[in-house]
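You will see two complexes here that share subunit A, one where it goes with subunit B and one where it goes with subunit C.
Showing the complex of A and B:
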């Protein structure tokens, strides 16, 4: 049916147009974005937790490292980190492999404007298939996102750990718990209710940062929208059209609006569940509402 | 070429003055620092103009959202929803392509596709939406006693707003608004990496940093320079807002030294 689109009626033309191979690639790239979010969120949380623990450390140099990690992201636009880390990490990995795999290489790694490592240290190897390159690019992007958002999460968690009432920790000490026991058994279970508003906010920021994948060289939704939307002449495609990029980006805009709205609703529910029975204003309001309701 | 010559040649390159050709070989630290600093002019321009203009729209939106008339409230709510709910990066793309197609139909509107106006419009609405959310929260948080006192003194309408509601709202919103200002300046770096073209290589600080990182394949020099500039810019913003807060709180008891910027890392 789609063999000769120029004869089709409008509705069928669009049906055929929206199911071309390239469009299927476009739809699949939404999966790429969701995958990035799903992998990045826990990774960033883990890094953030590590950063917050370091910042709380009683060993001064460790706490300086943790605090510097958290504070650096403030004052510098996140996009600078993205563009920096994606090259820096790549060169860092290649340099490490270079030192390990080619110990008798005597030339400098930086030669003028080139970064030269021996062939077997290249990542991915120049002989590896295309999908390896794409996976490696995606891996770098995830790592970059995790490092940047880990610092954001670290800030939130550090604040949440300090928000847990002092009396709780004192009680734990009075019961003879060690510092470590008190941390894991008292502080960590209670900090989430204080961290959740910040983490919800962070999730929203993470969603809204996800189109920056495009700048990291991943073929994401922005890449496809630009590619598919540009005007097409009959010589190169069966589906010639003018410049439709505006409509493709309108679609992305609507997609993100829906995504953030759904996230907001889910996070609100989660917050209500977390505050249930906690000694904070939200939990108290729930208790009062339950008492005032029909008993 | 000595560093002084470089500064003379490139200090205003981002605005189109000085040496036409960008350096192509033997990139020195001085060249990178000068050009990236020169690009900062664009970030400051976008940030300052969008913030000042957005401030007034934000107050309008915040007030419209408290209105009882649906035709006043709804558009304000939608504006905030659209600009806060979607990524600025996508807004830039959409705005640029929208302006492009407008240009196709009305050639007189071609001016919108240039960054200095088109990107400014997007940033203006974006910051207005985020600030409106902040001001709206502050409006809700005005102490009931203040409003009752205003009523008791017989203040109504515009006088009540100008004397009581507005100053109190601004004072309550100020720490969060400082944060928004910092984020706006950070967001200005997105203008030239996304959609709006840098005509004749007149770009912002990130544009030049990216140029050097691409040419030298060494991210360890240009990006830290850029980061340094932004840390300085952030400190300047915090300083200015601190002065502003001192002025806003000048009648409050023991106001000096009590102000603390709300250092959130996310907006």
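Showing the complex of A and C:
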């Protein structure tokens, strides 16, 4: 049916048009973006938590490492990370593999502008199928996103840990808990209520930063929207059309708005949970409401 | 003895790996008729067909990948792919950073396209793709250069009035002008630029360059380059060698 679209009625034409291989790629890229967010958010949180723990360490060098990570990464413009750091990271991995796998290599790795490592040190190998290159690119993207957002999350968590009233920790110590026990049993469960507003901001920014994937060579929704929306002349496609980028980007706008709205609802629920039983204004309000209601 | 055996086994496996070496070709995928994505999302166009034939003759397994035009050279030199075939004109500036094979597309003219014949191409706003010979040329004229990341955007800029004219390869603009229903037309004289289009390789990859060069030469000799040119660039002036 779709073999000769120029003879089709409008509805069928669109049915064929919206199911071309290119469009399927476009739909699949939504999955890529969602997967990136789902993987990156916990990874960044973990990095941030580690950074915050290091930064509050009583061992000075550890604390310097944590603070330096948070300070440096937060201070470096994102564009530097997404343009320069990824190529450097990739070359760093390949250089390490090169040293390990090809100890007999006698040529320099840097030859003028070229970065040359032995064939078996390439990451992924140039003989590996394209999907492995894509997975590797995706992995680099997740790592970069996690490092950048981890620093911000680290700062939020560092502040949240300090916001838990000192009395809570003192009480824990008075009960004979060790420092570690007090940290995990008293401080960590209570800090989320202070961290969540900052973290939810970060989540929103992360959602909106996902088009940066495109800079990293991952074919994301913006890449496809731009390509599909561009005007097409009849020689090169069965579905010629004018400049439709506005419609594609409008669709992206709706997607992002819907996605951030759903996130807001979920985050609100989370906030209510974390506030429950806490000695903060929100927790106090919950307590009063519960008391005023039918017992 | 054992070590010797091991070494020869390694050498064997190394040459076996070389024989089935995969050469990755980077392209932009947004510059019809040179290279573009067809309806199924595959890379197609003049360079795809020419490149596949070139690889067949050079007995290489080639894999095509797309990359942003802006970062197409940095990704080549850092080894993410091995060859650029992306409608890239051979220029002295680029030759300092990477190497080119001989051209597989003859030096041809670039042209201005605009909504009206009165468009001011010498003093008005002219759009061109960033980091191209066309952008460099516009910068030397009296016109204000408006740069865009993709070829598509340079044309869209003229359609929506952001620019008075677009300056690009004649053969890229020809199908667009022909299908614009009179909305766009060529304006002014054509400008010969660059030394034709060649395949870019890393400067350290001389063996690969010679291999591709020989394949292109063979295709020029038996006329298959001209056939492909005639197929993909029909019209009043068919480029040929």
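Keep in mind that, in the parts below, the second predicted complex is superposed on the first by the 288 of 295 C-alpha atoms of A that agree within 3 Å, B and C clash if a C-alpha of one lies under 4 Å from a C-alpha of the other, contacts with A are read in each partner's own complex, and residues count from 1 in each chain.
Criterion: a residue touches a chain if its C-beta (ideal position, glycine included) is under 8 Å from a C-beta of that chain, and two chains touch if they have at least 3 such contacts.
Computed from a predicted structure; not experimentally measured.
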When subunit B and subunit C are modelled together on subunit A, clash or fit: clash
Subunit B versus subunit C as contact partner of A:7, first or second or both or neither: neither
Touching partner for A:243 - first (subunit B), second (subunit C), both, neither: both
Touched partner set for A:114, first subunit B, second subunit C, both or neither: both
Subunit B versus subunit C as contact partner of A:78, first or second or both or neither: first
Which superposed partner A:155 touches (first subunit B, second subunit C, both, neither): first
Touched partner set for A:253, first subunit B, second subunit C, both or neither: first
Which superposed partner A:233 touches (first subunit B, second subunit C, both, neither): second
Which of subunit B and subunit C A:133 touches, first, second, both or neither: second
Partner chain(s) touched by A:22 [first = subunit B, second = subunit C, both, neither]: second
Shared subunit A surface residues [contacts with subunit B and with subunit C]: 83, 87, 91, 113-115, 214-215, 226, 243, 245
Residue numbers on subunit A that touch subunit C, as the complex places them: 20-22, 24-25, 83, 87, 90-91, 94, 111-117, 119-120, 122, 126-127, 130, 133, 214-215, 217, 219, 226-227, 230-231, 233-240, 243, 245
Interfacial residue positions of subunit C with respect to subunit A in the complex: 17-18, 20-24, 29-30, 32-33, 36-42, 44-45, 63, 65-68, 71, 74-75, 77-80, 82, 97-98, 150, 152, 155-156, 159-160, 175-176, 178-179, 202-205
Touching residues on subunit B, where the partner in the complex is subunit A: 27, 81-82, 85-91, 93-94, 97-98, 100-101, 104, 182, 186-187, 189-190, 193, 206, 209-210, 213, 215-220, 223, 226-227, 230-231, 234-235, 263-267
Subunit B-facing residues of subunit A, complex: 70, 73-80, 83-84, 87-88, 91, 110, 113-115, 151-152, 155, 198, 201-202, 205, 207-212, 214-215, 222, 225-226, 229, 243, 245-246, 249-250, 252-253, 256-257, 260-261
